[in-house]
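Given below, in the form of structure tokens, are the structures.
You will see two complexes here that share chain A, one where it goes with chain B and one where it goes with chain C.
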Partner chain A sequence: MPSFDAIVIGAGINGLAAAGRLAMAGARVTVLESAPAAGGMANLAHLSTGIDHRIEKALDLASHGLEWAEPNVASTALSASGNHLTLKGAFGESIEGTLSAADKAAWTALRRDLLGNAAALAPFKEMTPPRLARDHGANIWDLVRNGLALRRMGRDRLREFMRLMLINVHDVLEDELGDDRLKGLLAFDTVLGHHAGPRSPNSLLGLYHRISSRVQGRQAALALPRGGMTSVIAAMQKALSTRGVTLRFNAQVNTIRVDDDRVQSVTLANGDTLTADVVVSALHPATTLMTLVGAPQFDTGVVRRVQNIRSRGTTSRLTLKLKSMPDFRGANLRTRLVIAPSSRAVEEAFNAVKYGAFSPAPVMEIVIPGAFMPEADSDGPTLSALVQYAPVDLRMGWARGRGAFLKVIMEQLEAHAPGLGALVTSADLVTPADVAMRYGAPGGQWHHAELSVEQMLFLRPAIGMAQYSTPVRGLYLASAATHPGGGVAGSAGWNAAGQAIAGGGAA
Partner chain B sequence: MSRYDAIIAGGGHNGLVTACYLAKAGLKTLVVEKNDWVGGAAVSRSLYPGFTYSNCSYVSSLLRPEIMRELELPKHGLQIIPYEGGAVFTQDGGYLAMYRDHDANRREFARYSQRDAENYDRYSRDVLRHCRFIRPLLLRTPPDPTSFRPRDLSELAYIGKKLFDMPEEDIYAMIRFWTMSISDFLDEYFETPVIKAYLAVSSIIGTALGPMSPGSAYVLLHHYMGDVDGNIGAWGYARGGMGSISKALMASFVAAGGEVRTGSGVAEILISNGRATGVALANGDTFEAPMVISNMDVKRTFLKHVDEKHLPPDFVKSVKRFKIRGSSGKVNIALDGLPTFPALPPDSPCIRGDLHFTDSIERLEHAYDDWKAGRYSRDPFLDMMIPTTTDPTMTPPGKHFMSCFVQYAPPKIEGRDWTDADRDAFGQTVLNQIEQYAPGFKNLVLHAEVRTPRELEAEVGLTEGNIFQGELTFDQLLFNRPVPGYAQYRSPIDGLWMCGSSTHPGGGVMGAPGRNAAAEILRSLKKPAIMGDAYAVL
Partner chain C sequence: MKDSKLHFRTPLITTPFHARTSAANKLNAWAPWAGYTTALSYSDETMEYTALRNQAGLYDLSPMVKYAITGPDALRFLNRLTLRDVSKLQPGNVHYTAWCDDAGKLIDDGTLFHLAPGRYRLCCQERHLPWLLDSAIGFDVSIEDESEKVAALSLQGPCSFAILARAGLEAAQGLKPFQLMDFAFDGGMLTISRTGFTADLGYELWTTPQAALSLWDHLMVKGADHGLRPIGTTALNMTRIEAGFMIANMDFVSATTALRPDRLRSPFDMGLEWMIDFNKGHFNGRAALKREKESGSTKWAFVGLDIEGNVEAEHALIYDNRKTEVGHITASLWSPTVKRNIALAMLRRPYHAERSGNLWVEIYALRELEYHKLMVKAQVVPRQFFNPPRRRANPPGLY
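For the complex of A and B:
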């Protein structure tokens, strides 16, 4: 078993996943986190689409306290008139509410196809992206093998799969379904966390990314961890400590020292210097390479590519403390509540962000954890909402814009839950600008780098760095900006550690 | 009743190209066309005394040189005259000039930004590289990636080899380019809004996408991959209007022994026992042939002119969801004299090129937002040209013909049909925009023809008025065009073929679909190869 020193920068889900895998390979691992606690941007999420199954198993998270308060959260497409639609089970196994028989049948068929296509893509998410060149044939066979495996779905299904590969979700919904509530919900799920509208070409991939994940083996399920998303992180921390990983908090890394194109050490803000054979950074690649290492260490082509990584965040998180449980016109609060009246409404909400403004009629998903876990509500119910869209660089400025954006969100909430405003005792709005500041994520993008096709697979996070490695030997990238992107799954960190172990133990 | 070897339904330029090749191969070929003239959207029409209008397509670049050569179009009277670049007028009274000469452009960019001028070299090099990869694919039938037939496998291998022959980083750069938005792409090179606006428009012309829509960068290629006399990316006028292309094709066809019947279109494609047997025209005439090749778009062909009972239900479903979206209109104007644009220096050659008034990508994107909401753009993008500055044969001396391509215009206005009042208001929006930059322009207008998607569909037969016979998005390109499983110019019906822009590689006055269809047909008949390179490969 190799033995070497490894430093992981950032104790978010990917940093922790990388640390776990490195430790299991025999490395002495130190995780450096600038904040006083672990979790990073995982703290922004309020539901889980599942932890990478390899991590869940290898680190045995269940025995370290990971527990689901509800492993299969239903979704309610809210209607302003109270005519809600509830999708029960994973990705709407059954639908409750008034829906035409034609739409029910169409949904059954569409759901089957989408889940099938997403499942076929899951192996691509796990693999390390191949290099496309003749002299690097080794891991291209993973791609070829996964590609050939697609043929198993049969010719007609494969043709349909390829047609839908780079299509926009709006067209698919318009082609197949009639009900605006259902289409609105699906359009919202597709673009949540992305800088895209339902009509943006390629947008369907956003939905595939989401519904290819599994919770307890159940594809496309949404789960609420007992104790919230922080408990996922807590379980990871416990698992790591049993494997001897050291976590240092309030440890801000200022520089990564490189000599002769090889990583040497990292220096903290307090002046401490730690040497290591391997440094794995779960920070945004631009921060890692341009700020911590420094642009002068790289060729202009590399600098340009890193600077061109697009990271436009669009999602905000709103947390409201309430005096009592709200009433969304009778909607079951033990579900995820979605305000997205139609696919067109989601697209119109997206329009604003293209011009540096927030949506005048935002779309959002709402979770009230106390409805699932009464113990969470010792000081009154909390309402947590993920709201789209707002740009990181709001043209009117966030100092002025914060109040205005909060106002339109509250209007949207009030329209669906009359009287809600009067219940609010405190409101905390985390805008993309806040995310950028608080978590050091340039652009405040939830996937660090936008999860768009031109930044996927061997193009993620940038040309020449898709195998988690960098031009600096011993320095690896493990952030959500690497393949396969974010979503509090840890896959990127896990894969990155694998590459570090294969390529860069003690040299 | 007459018998033919092949009947082409629709005399657009692609139909004529297919017809020429079939006739040259010795087939007794008939072209039937509903209008009294041929050419489809490549026409020259006299709509005002003494004036020739290119009233649909208006410039040429994409017409494949192989077709020009093999069909001897210059001999049949076709002449393409390259024109000088163009200009964008800015709202603050300035302008950005574009020239044919790279260095002249570079100097012009430097007026705005030294950095942009320097990056223009890198930009041009990168785009040209992407063009070089795609150009040879235009005249090849897309392989079916789900098939194990030797031809499909070897064609896939050919593309794979071409791809893997490139340096590794170029492969990535190209895949990236194909999938990103033109706005994001240009941001990686340029900082000046008006420069980005000028370069971005090639990515949206004819499509129902905005410059910020992913995939729009590919459409840029679609407008750059042509050439005039070997100059990749150059554009030119057809002397005598775009109809000269159709006229030359028609002459080539007739010289090869082909027959054309105009004035009555196909009412029904006749099918018996799963085989095409001929066509019945609207005027009651019927013609028999073992092969019918439809130049009409895929929706029109199969939803209007083929009885649904002959088609597999899955195919009909696919055709129904094929996206043909009208996104543009046209205003064609007869002018009493050349308008003056005070921003432009006198004697600037740019007046002979394409003139725009949209000086930022955001304005373009806003125009697209209007389209999404079912409205025509309040501040539309105009691609305005005055071809008579280069080709005086189209008007009386001293007079001019002006062609304005206008985007965006939806096929329906907020779900209802266009009315004449809508059309007139749409036309006024265009005239007002020009007047703003050329005071006194309106006084020069002798006649204006305003064409919305409604008029384009009614006259040319383009469903929804889409100039490409179908959106150029990835779900409808290559082996997906027009529908998966039928990308090789064939249909579910034996003997019924497709040769319009709904098929690979898509629209523009390119002729490639027509030539590719002919190659497939001749191959299926085991006829000797009468076309070079692409056909000879297998």
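For the complex of A and C:
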């Protein structure tokens, strides 16, 4: 039986990040991926909010081919009448389009505050959440240090920071801004990937999560890698191969064998058994613990908490092949195009999923990579859209619902780009149900576990497992369901590997 | 409105024996137990106690919470749920067991009946269906609360076997303690187990609600010559204190309901560590219990106390050297049988053993509307105050 120091399950961004850090610490690492290629759910994304800077640097991704076609993608809030608003630079450094002077000033102030608050939260994203229980205080000092940094804001700023911590984005937008297009765009950015509407409690945290990231040091920037998001994965793969990491594709893990609360080996669908001292799983914790290890190996309280991790996906990805470039009433296609007419429209779109239906007027962001990289479009332009909302368990069933949902999405697109329907040569819709099936992510949630305040920091993915460890010694969780959550950043995987190397965990 | 929505109109339901127990209850002394109306005593609790220790008593056990556990993984599931190794429990046998939460703290104790191969019944004080169902995730097992489907009587006392023999159930002679047997009765099924809560010779009889009244009548008629009488909870509780048995939420707070962290009790605290089988594979609380065992961090000990005098020490505090509080009493009784002032108590270690030489109990004795504070000496003794050989005798005595 071949023997390995470390096995990583899943070759998505977090699995690869974990493998890289383990390899750098001297472990012999094998990554097992059930699909024929790496990437996992990163393949669903079409823009980057930034790779964790620690990973980018440590694995030297630039020298392994990571290159940005556009490191600072602008955003256009589409208007059905053609009266678009374009936010240029990172998170709308400047705004183009008709906007009142009062709104411009208000936005400048709000943007400064939001970026400032998000930047103050960024260190919390990198840290491994400490344990608050007595006798587990090792990295409580990270928390204290980051907390003291907040204190240095000064009393008034801190009070405002706290006020804007657990608020919903809709209230903030109503308080500060007047323009519906701008409010719609910000509301959309807040809830993208979440099971939340702008008015959902604590929804602003979703925006903070997004705009606390950096691309090339630029906070809140959106970036398009040359070659698309798959090129990020390709660069990581190259970086890993130079460090001797073995990647096995079509290697579906069936079971993780545990003996006396210690991980022993993993068994593949083809019957191969690989032993390891450390197993890091980047799959959803429910898949890892309940399916691969099995509920009987865990205490009932653990089973309850893992089963109750909320993982409701709402986001679909639509890919259209077009005969020629579409026209969104003159909008600049070299930007991210957002259909979210108002915060209210986003909230109303969210209403449907509460009742098991898809939004009758979905909101979405559109990227046309060919507009940034003409070389990408040898066989006609591609339009990629992330669309909300649709539930994983559509009441009418996805067999019937797929066509119906596609129809309302196309109607929404047609309203903003008349004639677009006639340009379509093929359409591929990946629903939350597809995500759940294809990527083994229960619920089809893009962050694996919903990023809501009760599932953050010490509480992510569940009480007692916030430090990437599990009740099984040697088994670590690197899923996006662990702190700090999803996005194609790799932070969770990087942190998990750090814990595995330190041998921490094993409560 | 549907009947199921009108349950609030009957906050307490009656047991299948209610027609008989209510007719016998001359004191009209009732108390709630697990959602049922149950008799505290029928006519004279002293006479009922005396019957239990000298003749025989018939106790309505129906409110006991009962779960039917069946299916291919029933054994594996029970091994995961409870502390003892269930693979050692053969069909036709019963064992006393307990179960813990993740932290290795007691949820409840109870008896597990292996009724037939792969068919089990778990009897306990509190309801635990959500815990059982969540514990069953990943097992091919079916769990059903059969509390209302089983009518049960406890026939206890030295004459209990003699009454069974007279009642045509003499085959029960073959039952050793913690064994069970099926009988045909009144066109249905009757299961008899040699179990009980009195530390004396005794049996528990399990049947259907339909056969309940005819079983009661049959036993009362056949037992008349042996002085069989209905027993209320007060008398039964006296005998269980003499037996040294614990009850969840009386002697320890169940981990599912405890609010204060220092109220949680582990099997080590309660003297149940003999149940734990660390070698049977994973079970709830295993890691925590292993840590407790290895670190010797057990804080409490559940003990018997022999207290000077004859004043019952209900819920009294226990002091070392009259000064330092080291524990409290959970149940107490002036025992008419052993003629001693006895109690069950929780003591902080090591006051249960090495430092048990100077223990004092602070009793507030209510004498004509005034409390008299007594400080009396107490001695740690084994919890089984009453444990006669006839309890274990095979064949059972025909008194």
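Following the convention adopted for this analysis, the second predicted complex is superposed on the first by the 499 of 507 C-alpha atoms of A that agree within 3 Å, B and C clash if a C-alpha of one lies under 4 Å from a C-alpha of the other, contacts with A are read in each partner's own complex, and residues count from 1 in each chain.
By definition in this document, contacts are C-beta pairs under 8 Å (C-beta built on N, C-alpha and C of every residue); 3 or more make two chains touch, one makes a residue touch a chain.
Note that the structure is predicted; figures quoted are calculated from it, not measured.
Asks: Considering only touches as defined above, state whether A:Asp299 meets chain B (first), chain C (second), both or neither.
Replies: second
Asks: Have a look at where A:Pro471 lands relative to chain B and chain C in the superposition and call it first, second, both or neither.
Replies: second
Asks: Go through the superposed model and pick first if A:Gly403 touches only chain B, second if only chain C, both, or neither.
Replies: neither
Asks: Which partner does A:Pro374 contact after superposing on A: first (chain B), second (chain C), both, neither?
Replies: So A:Pro374 meets neither chain B nor chain C here.
Asks: Looking at A:Arg163 after the superposition, I want to know if it touches chain B, chain C, both of them or none. Which is it: first, second, both, neither?
Replies: first
Asks: Which partner chains sit in contact with A:Asp175 here, chain B, chain C, both or neither? Use first/second/both/neither.
Replies: Only chain B; A:Asp175 stays clear of chain C.
Asks: Touch check for A:Met290: first (chain B), second (chain C), both, or neither?
Replies: second
Asks: On the A-aligned overlay, A:Asp261 touches which partner chain: chain B = first, chain C = second, or both, or neither?
Replies: Only chain C is touched by A:Asp261; chain B is not.
Asks: Residues on chain A in contact with chain B in one complex and with chain C in the other?
Replies: Dual-contact residues (chain A): 304.
Asks: What residues of chain A sit close enough to touch chain C in their complex?
Replies: 261, 290, 294-304, 307, 471, 507
Asks: In the complex formed with chain A, which residues of chain B make contact?
Replies: Touching chain A: residues 145-147, 163-164, 168-169, 171-173, 175-177, 179-180, 184, 187-188, 209, 212-216, 314, 321, 323, 362, 365-366, 369, 372-373, 473-475, 479-480, 484-485 of chain B.
Asks: For the complex, which residues does chain C have touching chain A?
Replies: Checking each residue of chain C against chain A gives 76, 80, 101-102, 131, 134-135, 137-139, 282, 284-287.
Asks: Can you list the chain A residues touching chain B in their complex?
Replies: It is residues 131-134, 136, 151, 155-156, 158-160, 162-168, 171, 175, 196, 199-202, 304, 308, 310, 347-348, 351, 354-355, 452-454, 458-459, 463-464 of chain A that touch chain B.
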